[in-house]
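Starting off with a structure, shown below.
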Amino acid sequence: MNPPHSTEVVRALVVAQLRLELRTFESLPAMCLFAVTTFVLFHFGLNVDRVSSDLASGVLWVTLLLAALLGINRIYVADAEQGGFDAFLLSPAQRPTLFVAKTMVLLAYMAVVEVVALPAFAILLLEPSLWNALPGLLGALALGNLGVAIIGALVGALAVRTQARDLLGPLVSLPLLVPVLIGVAGWTAPLLHYPQALAVAGRWPLVLALYDGIFGLIAFALFDFLLED
Amino acid sequence: MLAACGHLATGRPDERPDGARHHPIAPAALRVNALSLRALTRRYGERTALADVTLELAEGLTLAVLGPNGAGKSTLLRVLATLLRPHGGEVEVFGNRLPAGGAEVRGRLGLLAHEPMLYRELSARENLRLQAALHGIGAERIEALLASVSLERRGDEPLRTLSRGLIQRAAVCRVLLHDPDLLLLDEPYANLDPAARRVLEPLIGRESGKTRVVVSHDPASAKEDSDLVLGLARGRPAFLIAAGELDDTALSQLYG
Amino acid sequence: MYGKGLRPLSLLTAASVALTLAAVFFWAPNDAYLGFLQKIFYLHVPLAIVTLCGFVAAGLMAVAHLRTRDPRWDVRSYVAIHISLIFGVVVLISGSIWARGAWGHWWVWNEPTLVSFLLVMLLYATYQPLRFAIEDPERQSRYASVFAITAGAFVPINFAIVRLSPAFVHPRTLSNISGNLPGRMQAVFYLALATAALLWVTLWRFEMTAKHVAAQLRRLRKLLGEETDDAPVRRSAAPSLTGVGSIS
């Protein structure tokens, strides 16, 4: 019997998860709505009508981070409650493929949330034009989302099989995500400067790429220990 | 058949029955052991879930596991399924020592547990397609399997709309999809009506010809459905006998 | 057997602490700007360094645990994190006092090491709740090790990244001070560092010994029949050594 091809396994896992989400809409609508509501909270909390530079990038990324936390717990719930882990563990598929699949699912979730959240942000709070800043933003989004997805896929697996899964997920993820926040916020702040975007410091993309790379490897290596019993 | 099992039942492979009692179909020496357990131990913290379980099971035979609740029956199945690693002793499945050899063996076994291990929001076909991808096999067998359990018409409905009996049939399809050589069945017919049982029996019962380990609460069906019976009480083997020898004295060791 | 060398170690540590205190109060010169308050630096920085090394060491012990599956490594890792957390609280409090004295606020955000330290503490504060939330002791140990390794890797990376953050383009005091210490101050600093390290190791060994003794006691009790395997086990975040080792 031939061992299954890893890309095929990852594809099947991602498709199954996305299909589940499309059938139940358990996570994505909540995450998007949460993001928009959080912008409103920031408006009232900070008492500002328009934000730019540091404030803008901070509000945007903290909101996206908090929305991501909602998703991190959800991606493993179906597996934990319906025996999905067992079904996967019983198959000859390589264990890390599940980690890769969950990371890709989180990336997809973040992309969807951002499609909703960025226009909302532009409409509700942002001072400079989002459109002009978008090309630079996309790079920050890509690396930032990757960091969130990697940490999320690891911590989600850690938290889901504990008693306090809804609390531990966010609690453990947040400190680990602060460097990602520092990186993307630092990267985006000059892009959202008003009236004119400033040059981006060259180190942030490198910092984020390194962080994603290092924790990607660590998570990949440790994931197996979370699945077995 | 029972005579050959007799030597297996004692768990001492060096004891051979005399030539006149050898099984007429295959000499015992040529039989490959599907399972070989020696002093298997599995702990849960400071408690022992399984202790000192020793047995050998040849290919094509059925082992029934009896015992009261909490005796460790499901734990034993999960160890054999490579879901739990042994804490002591040795476990070999088809000659592969666990847990190191787990990857080799996974494609050859199938576990039917209390939960179906299927996503409720997906249909039977979608679940089976995912399973096929996980096992690296094509989707060709899916239709035939669904037909054999009479699920082909409802194969596209989400599982949560199906009755428990139908979900169990879908679970059986999941187990059989990759054509495993070893079936691990945890009370397969519990809460099923006789009609459902009749449908599933040719696939996962004795006629399937596969090596089976069946956990059961029903001594009567264990007696007629299996070759070897292991009685577990609080994780320890109470007896290991040929199915024909299962009687009340043996059962009293388990259930008091 | 387990407490071997504990007494000489404790005596050495006590002597070192006494010597360091004497040096700090009577030998080290007073700082020109901060005066007496600066002496808290000899408490704060050495403890901080030792705490972080402790966390990284716990991560390495966790690697050993996952590779060998020996539960003793998990206990060592747990105790290391435990001791480091306690030290860490002292670091934060002393850092806060220093900030108040130096800059008038109980907390400052422009001191990168202090901020990084806070993040690390926030992460490790989740260690105990994580362990407590897992009932199966073997899984608890395994998950805790995964956490300890991830967090241990996070410590140095986090420090590097926080340093890079724009707010710290002009880092103040701490890095300057530890870099440009005049002779006597430097000597006292290294003495304090050695003492902090000794203190950490002594406390670690103390707790390890206590755990070994408690486990041995339980084993003996079980042997005497005072406790059985079926006794309800209280849920605990702490790993146990009872399953390891033997009556000897």
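The letters A, B and C name the chains in turn, as written, and every chain counts its residues from 1.
The criterion applied here is as follows: a contact is a pair of C-beta atoms (placed from the backbone, for glycine too) under 8 Å apart; a residue touches a chain by one contact, two chains touch by 3 or more.
Just so you know, these numbers come straight off a predicted model, no measurement behind them.
K.L.:
Between chain pairs B-C and A-B, which one is joined by a greater number of C-beta pairs in contact?
P.N.:
Output for the comparison: A-B.
K.L.:
Of the other chains, whose C-alpha centre is the longest way from the centre of chain C?
P.N.:
Using the mean of the C-alpha atoms as each chain's centre, the farthest one from chain C is B.
K.L.:
Which chain's mean C-alpha position is nearest the mean C-alpha position of the whole protein set?
P.N.:
Chain nearest the centroid of all protein C-alpha atoms: A.
K.L.:
If you average the CA atoms of chain A and of chain C, how many Å lie between those two points?
P.N.:
Chain A and chain C have C-alpha centres separated by 31 Å.
K.L.:
Using mean CA coordinates as chain centres, what's the gap between chain B and chain C in Å?
P.N.:
Comparing mean C-alpha positions, chain C is 49 Å from chain B.
K.L.:
Just how far, in Å, is the C-alpha centre of chain B from the one of chain A?
P.N.:
A distance of 41 Å separates the two centres.
K.L.:
Pull out every residue in chain C that's touching 2 or more other chains.
P.N.:
If we look for residues of chain C contacting two or more partner chains, we find 138.
K.L.:
Check each residue of chain A and list the ones that touch at least two other chains.
P.N.:
229
K.L.:
Under the definition above, what is the set of chain A residues touching chain B in their complex?
P.N.:
Touch list, chain A to chain B: 1-5, 8-9, 11-13, 15-16, 19-20, 23-24, 78, 82-84, 86-93, 228-229.
K.L.:
Can you tell me which positions in chain B touch chain C when the two form their complex?
P.N.:
Chain B reaches chain C through residues 43-48.
K.L.:
In the complex of these two chains, what residues of chain B are touching chain A?
P.N.:
So the residues of chain B touching chain A come out as 78, 81-85, 103, 106-111, 113, 115-122, 126, 129-131, 133-137, 158, 174, 178.
K.L.:
In their complex, what parts of chain A are in touch with chain C?
P.N.:
Checking each residue of chain A against chain C gives 154, 158, 161-165, 167-168, 171-172, 174-176, 178-179, 182-183, 186, 201, 203, 207, 211, 214-215, 218-219, 222, 225-226, 229.
K.L.:
Quick check on the complex: what are the chain C residues that touch chain B?
P.N.:
Chain C residues touching chain B: 136-138, 229-230, 233, 240, 242-243.
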